[in-house]
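Both complexes shown next keep chain A, but they swap its partner, so chain B is in the first and chain C is in the second.
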Partner chain A sequence: MLRLDEVQAGYGRVAVLHGVSLVLEAGEILCLMGRNGAGKTTLLRAIMGLVPVGAGAITLGGARLDRLPAHGMAAAGLGYVPQGRRLFAGLSVAENLEIGLMAGGGDDALRDEVLGLFPRLAARLGQRAETLSGGEQQMLALARALCLRPRVLLLDEPTEGLQPSMIAAIREVVAAKRAQGVAVLLVEQRLDAVLPVADRVAFIETGRMGPVMEAGALRADRSVADRYLGV
Partner chain B sequence: MRALALHLGLLAGLLALHFVLPAYHHGNLARVMVLASYGVGYNLLFGYAGLLSLGHALFFAAGMYGAGLMVQHGGLGAAGAFVVGVVVAAGVAAALALLALRTVGVGFMIVTLMFAQAGYLAILHFSEITGGDEGFVLPQAGRMLGSVDLSTPDARYLAALALFSVCLLVSLALVRAPFGRVLVAIRENEERVRMLGYDTQATKWVAMVLSGAISGAAGAGYAILFGYVGASFAEAQYSILPLLWVLLGGAGTVLGPFIGALFMFYLIDLASGVTSAHMLIAGVALVVLTLFAPQGIMGEVRRRLWRGLP
Partner chain C sequence: MTGASSWAGWSSCRNEPFLHDRGAALMEFGPHLTLALIEGAVTAAVLALTASGLSLVFGVMRVVNIAHGAFFMLGAVLAWWIAQAIGGHPAWGFGAALIAAPLMVGALAAAADAAVLRRLAHDPERTIVATIGLLYIIEQVTLMTYGPEARPVVAPFNARIALPWIERGAEGWQVIWPWGFGTTTYKLAVIGAAMAMVAGLWLFLARTRAGLVLRATQADREMATAFGIPVAKVYALTFGLGAGLAALAAVLIVPIRQAHYLMGGDPLLLSFVVVIIGGLGSLPGTLLAAVLIGLSDGIISVFFSPTLAKIVATLMVALVLVFRPQGLFGSRPA
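For the complex of A and B:
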């Protein structure tokens, strides 16, 4: 579904990704792991067109993504939840969702469907996004991305700094989307947060891809993770 | 519905004042309404889209000169000249937006300021056509709307109210429409809006054209209703004034520009009656207001009393 072939990308003259190749299938959760500065966020931003791709190709269902403008990614089927949530802080929960729904041509049925996944948000529709708890803000960021009906979800450390009950709730939603055939590329730093949901785990180090392993194999032997995560 | 009622209520109040105000305040309020229309245009770009322009005098002057020159040299009446003024201002805004929107933040401020200064200097340079520093007085024929003489106090007040009403209601409709919500979202976090699939550059371009057109309508209206076209309206001061009105009244509120323009107009008017250092008094008052109501008057109303105030 989503395919990266020998992608090189970076900021100005500073190359961050050096020939990254990766395949993400429909209905799969692929976790991308690596140390700080390994290139995880840059990889997601390159897919979203926020970092220029210098060489290689990014395709979704065979169509080139790296030639689209950044605002064309949502229509192509990508939903992105960046690190730090990046909500419209001064707008209410309902208005945040409305912006997403308008972009994706969504209707009330989709809104209700999304809110059904996040009952906590449904109870706070009039509340300003900046006044939500960290977990609720993360839920809202994810809910807004789901308003686009994405085929691929890119999530950048969605559980960072959240309490366990929130992590469980978000994990549940991500798993539900996988069951509907959505492909999920999940960036995380903590192995414990990854293993309960991942199908496969890919490692990245200094902008180069390391091994890609089945999650089951990693559960049995964590030595590869220890090497790439430095624990 | 409540919001629409509030705005219509204000317009009804302004209409009622037409019948009771003494001549001095009657004339002042007509002027404030035209200037507030300019503020409404500025607010669309600054208050809602978050783009701080320092060159809006260019659009106000484009409308003013577009209309004035059509009267002076083209022999048009008020209606035709007004339309030309709005079109010229929108065209100037469209062209400037293509360049200015390639920049952000301070760069945008500087580019808009520089183009406005270039416009001002062009007015001075082509003095044979524009009247240069002195400007020109509109001939009476250009202030006639059919058989209605817009230079009379009654007609001028009602025409100013009509102009302000249209600008206010258009602004209200825009900001309550999906377009307005996207503008606010751009102000909050442009990159996120882009990630949701919006062409933010195109949206900002449309906002700037609309903002320029409304500012130009105010400029054209000012020329026709007050009968004078002058280079001073293209100076940097006229780019700063709408910013102050909007900040004082409440950026990102539809009523803010009117409240801010009214407040500042009368603050300067009253202070100048007390001392020749009236700008000092005005300045102190502005600092106090900014300290205690940083979101502006209507911004504070929204924060404290009415969360959904548009």
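For the complex of A and C:
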């Protein structure tokens, strides 16, 4: 579904990704792991068109994404939950969702469906996003992306700093979307947070891809993770 | 700056000499204050419209638009041209100018955004220099084509309205008609029209999808892009809308003032005063500050002097900068 071939990307003259290749299938959760500064966030931003791709190709269902303008990614089927949530802070919960619905051509039925996944948000539709708790903000960031009706979800550390009940709620929604055929590229720092949900785990180091392993194999042998993540 | 463009020249009350001489001698304090409030309200109304455009552009694009006053001036000059071209009853020319001049100025501003500011990636510092260049180009082209003269646009209607006053005399409370105590229908219409337009702007921003897109872009440009908003187009629209609002304010005020190629300096300066006090990018703050500055300008100018009014406005800016640099309604940077 989503395919990266020898992608090079960076900021200005500073290259961060050096020939990254990756394949993400429909209905799969692929977790991308690596140390701080390894290029995980830059990879997601490059897929979203927010970082210029210098070489290589990014395709979704065979169509080139790297030739689209950045604002075309939502319509192409990419839903993005960035690190730090980055909600439209001054806007209400309902307005944040509306932005997602507008981009994805969604209607009230989709809005109700998404709110059904996050009942806490349904009770706070008129509240400004910046006044929500951290967990609720993360739910809203995910709900906003789901309002695009995405084919691929790019999640950048969605459980960072959340309490266990919130993490469980978010995992449940992500797993439900996988079951519906949505492909999920998940960036996480902690292996413990990844193994319960991931199908495969890909490691990245200084902008270059490392091994891609089945989650089951990683559960049995964590030595690769120790090498790429440190202690 | 010439006399036609001096700061003191912008307040509409300077066209009413009776306020400063004969009226002051004949009228009691109450009617005098009422007149000052009306004059201040005219200034506030036009200022609110002008400053809203400046605030909108900064809020959404983070661009400090130094050319905002030039767009104001262009609106007034185009109003004169359109009125001359239409001819006939003044209402036809004025009505056409009220629609066409803001659209033309808005289109020019949107084109300037695409041709200049977009190429600078809307960088906050470089766009300041670029808009200074735009200001210079617009003023000089206007000088070369329109000339250095100040030219009037005839108001579509301008009937004098005498205002009554209630006074306690020997026979108890009675209604009197003090000499010189009145205003014009046009000035009242300017206040009403500006209020309606500002309300329309608020409704546009708060209640429409396009307004939601603008507010989302203001909140986070990159996330707006990630959610399918074509930010480059939104910026062009915003720059055009901001300039169009300035032009609209100019068309409203040009029957009270005259169109002149240097008339943009005062509205620009006062708009900055207003957005600094109200908070850059905050529409409610801009409106409150416009009312504050407009009314204080009217009252102090009438009772003391226009110079003192400007000193007070400057002091207000200084106090805000010292004690609340983000402005009355602005938010602190994170």
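Just so we're on the same page, the second predicted complex is superposed on the first by the 231 of 231 C-alpha atoms of A that agree within 3 Å, B and C clash if a C-alpha of one lies under 4 Å from a C-alpha of the other, contacts with A are read in each partner's own complex, and residues count from 1 in each chain.
As a working rule, contacts are C-beta pairs under 8 Å (C-beta built on N, C-alpha and C of every residue); 3 or more make two chains touch, one makes a residue touch a chain.
Since the structure is predicted, the reported quantities are computational estimates derived from the model, not experimental observations.
Of the residues of chain A, those at positions 48, 50, 69-75, 80, 82, 86-91, 95, 98-100, 102-104, 144, 148 touch chain B in one of the two structures and chain C in the other. For chain C in complex with chain A, the residues that touch the partner chain are 209, 212-213, 215-216, 218-220, 222-231. Residues 48-50, 69-75, 80, 82, 86-91, 95, 98-100, 102-104, 144, 148 of chain A are the ones that touch chain C when the two sit in their complex.
Contacts from chain A toward chain B in the complex involve residues 48, 50, 69-75, 80, 82, 86-91, 95, 98-100, 102-104, 126, 144, 148. Note for the complex: chain B touches chain A at residues 178, 181-182, 184-185, 188-189, 191-200, 307.
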